[in-house]
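Paired with chain B in one complex and with chain C in the other, chain A is shared by the two complexes that follow.
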Partner chain A sequence: MDILLGIRTQNEVLLITSRSLARGISVLKSDDVKVLECNKHTALAFSGEPGDTTNFVEFIRANVRLYGFQNKQELTTHAVASYARKELATSLRSRKPYQVNILVAGHNGTPELHWIDYLGTNVTLPYAAHGYASYYVLSTLDRWWTETLTLEEGLELARKCIDELEKRMPIDFKGCNIHVVDQNGVRLHE
Partner chain B sequence: MSGYDRALSVFSPDGHVFQVEYALEAVKRGTCAVGVKGRDVVVLGCERRSALKLHDPRTTPSKLCAVDDHITLCFAGLNADARVLVDRARLEAQNHRINLADPASVEYITKHIAGLQQRYTQSGGVRPFGISTLIGGFDPQSDKPNLYHTEPSGIFSSWKANAIGRSSKTVHELLDKLWEEDMDEQKTVELAVKSLLEVVQTGNQNIEVAVLRPNKEMEVLADDYLDEIVRRIEDEKAKEAEEKQSRRRHDD
Partner chain C sequence: MSNRYDSRTTIFSPEGRLYQVEYAMEAISHAGTALGILAKDGIVLAAEKKVSSKLLEQETSAEKMYVLSKNIICVVAGIDSDASTLVETARKMALQHFATYDEEIPVEVLVKRICNVMQGYTQFGGLRPYGVSFIFAGWDSSQGFQLYQSNPSGNYTGWLATSVGANTTSAQTLLKQEYKPDSTLEEACDQAMLIMSKTMDSSALTSTKLEFATIKASSDGAEYNVYKPKDIEPLIEKVKSTTQ
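So, the complex of A and B:
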């Protein structure tokens, strides 16, 4: 039920994630952050089985960082996405696969957004969503997204999506965090 | 040959483990490395072997190795051994982050490296690492500088300033004389460069210096900035020599 939404604009990528952390019928936390800085210019947004998610993304981050130190060369966003996909695909064929869906957002000269699900599907997209939220926001994004969105326009589009979710989603997801990934790195937008 | 240096895990009757002592010999032949602690800074410096004209210098890894964001290591001895050891340290640094959700302390990484070096003095079919290391850095959320030294035997110790490798004895004496409490960044860098210049013949081109600051990644000093410091130190030295000479002439 977590909301995971990514929008690529002209110079940055926006990651919109819900703040609620629910287990069963209870909300445990209403200021949850579902985005992890992987290296300086790449962020991972994640949802799925709690526990699996943190374990998986921290594993990915540790290996990406290790690669950076060993080779004095940080992995590109594309490489991070390929690596994460490979790990998910390997895990899928094990006795107990990770149930994790992720969005990989990064900026290496140009902004980049990858949609990866627990089955090991990796697609590069201009905008993407995981889970139930995708049913509500994809039409909005289809209508309003353009190649030349500025940051402000992107945020406005994100607002449109969140409004739609608040209107149509049957659950209270406690609002959303918006992370911006641009040439300066990853930051939480107020 | 006495025979006691053939297998690693065999003592000589007088209590020496020869292979470990040979490893220390390899360290003494290695290029010099220096570490100096200041008030809120650690400076690591090392000698850089001049590359041949046709050699692509990018393929020779620097002797200043970042182990993690906040820990840097430099070494003296066999470059090939160092590569393996440093990779193990890097892996441990990331493992620590995953397992404890916190960056490793400098002491932890030092202990890990020293422990690894010790293991290679007591196992069959291996030889010890032919390197000594200087490990500098700051613990997470701390302004206290750390500088550690490890040896092939697995000994580790903490220092205010230390030198390893070729002619480290001369450098040690200089550091003994010139190191003082509460040095600022500039003074610390200058002391590190000065002590390296004792060892390096052809001045500025052949040294590398990294500055470590609290909660920041290491900064490897740019060549032209280093040139400037080297020139300043050499000028000072020349002036001192001149004064000495004129005084002598005066006495005559």
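So, the complex of A and C:
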């Protein structure tokens, strides 16, 4: 039920994630952050089985950092996405697979966005969404996304998507965090 | 010759030396000369083939040049059989990296991993160290063209131009004289051939006694070229004409 949305603009990638953390019929938290800084220029947004999610993204982050320390050079966003996909694909054939869907956003000279699901599908996309939210926002994104969006226009498009979700989705997701990944790294947008 | 401290690889002598490792390096200094030169648009590797007989099949030539991955090649000095198992390990490492990250392995990462394997045999007992020195030439997107040399102790160093094997001292001297920082790959090839002609023991330079390989810039990064004997001939002719 979590919202996971990514929009690639001309110079950055926006990650829009819902703030609510719900379990069963209760909302446990309304300031949840579903984005993790993997290395300086790469962020992971995640949803899925609670527990599996944090476990998996922290595992990926730890190995990405280890690679950076051992080899004196950081993995690119493309490499992080490929590595995360590989781990999910391996896990899928194990006794208890990780039930985690992620978006990998990064900036290595150019912004890039990868959509990866628990089955180990990895696609590079201009905009992407996971879960139920995708049914509501993809049409909006299809209509308004262009290759040359500025940050302001991107944020406006994000606003359109959130408005649509608030209007149509039958649950209260307690608003959204917007993270911006650009050449300066990962930051939470106010 | 031998004494109490050289029977096992992992025991220091009272002077703090590891004799087996030093003997391994000694073995390498008898191998055919190999050298590498870093140019601004590529790298050239050259090597002398020691064994040559009229009866030896020349077409299945390369015995010292190995392709490790799309972006890395190497030349070997030392025990060939030791080298071939290490080359197999290196190829597996490179492909493992490619399979996991969907990117070619950075040159130094591969060199470091191979050297870690070699270092292991200088510390964990019962086995002899690898009697091999490599010169690695490669390209990656973050560091560009790189030239490294490794030795049996597991150390590696980065170079602009380097050599190993027999006559390495004279080759090094010539490299210092001939090396130009801004030379193109073509010029570096000529330099390499010239130095090989001066350092090799045999009087006449022939393609049966030489191995040659280059790695150079291409549209999608780097491309390697391991020369066939007939491709080496023109280079030899060129050196002959300039030295006369």
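Heads up, the rule we're going with is that the second predicted complex is superposed on the first by the 190 of 190 C-alpha atoms of A that agree within 3 Å, B and C clash if a C-alpha of one lies under 4 Å from a C-alpha of the other, contacts with A are read in each partner's own complex, and residues count from 1 in each chain.
Note that in this section a contact is a pair of C-beta atoms (placed from the backbone, for glycine too) under 8 Å apart; a residue touches a chain by one contact, two chains touch by 3 or more.
Please read these numbers as outputs of a predicted model, since none were measured by experiment.
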item	value
Touched partner set for A:Glu58, first chain B, second chain C, both or neither	first
Partner chain in contact with A:Ser82 - chain B first, chain C second, else both or neither	second
First, second, both or neither for A:Phe69, with chain B first and chain C second	first
Overlap of the chain B and chain C footprints on chain A, listed as residue numbers	72
For the chain A and chain B complex, residues of the former touching the latter	58-59, 62-63, 65-66, 69-70, 72
List of chain B residues in touch with chain A within their complex	61, 66-68, 87, 90-91, 93-95, 97-98
Complex contact set, residues of chain A against chain C	71-73, 75-76, 78-79, 82-83, 86
Partner chain A, residues of chain C touching it in the complex	99-103, 106, 108-109, 112, 142-143
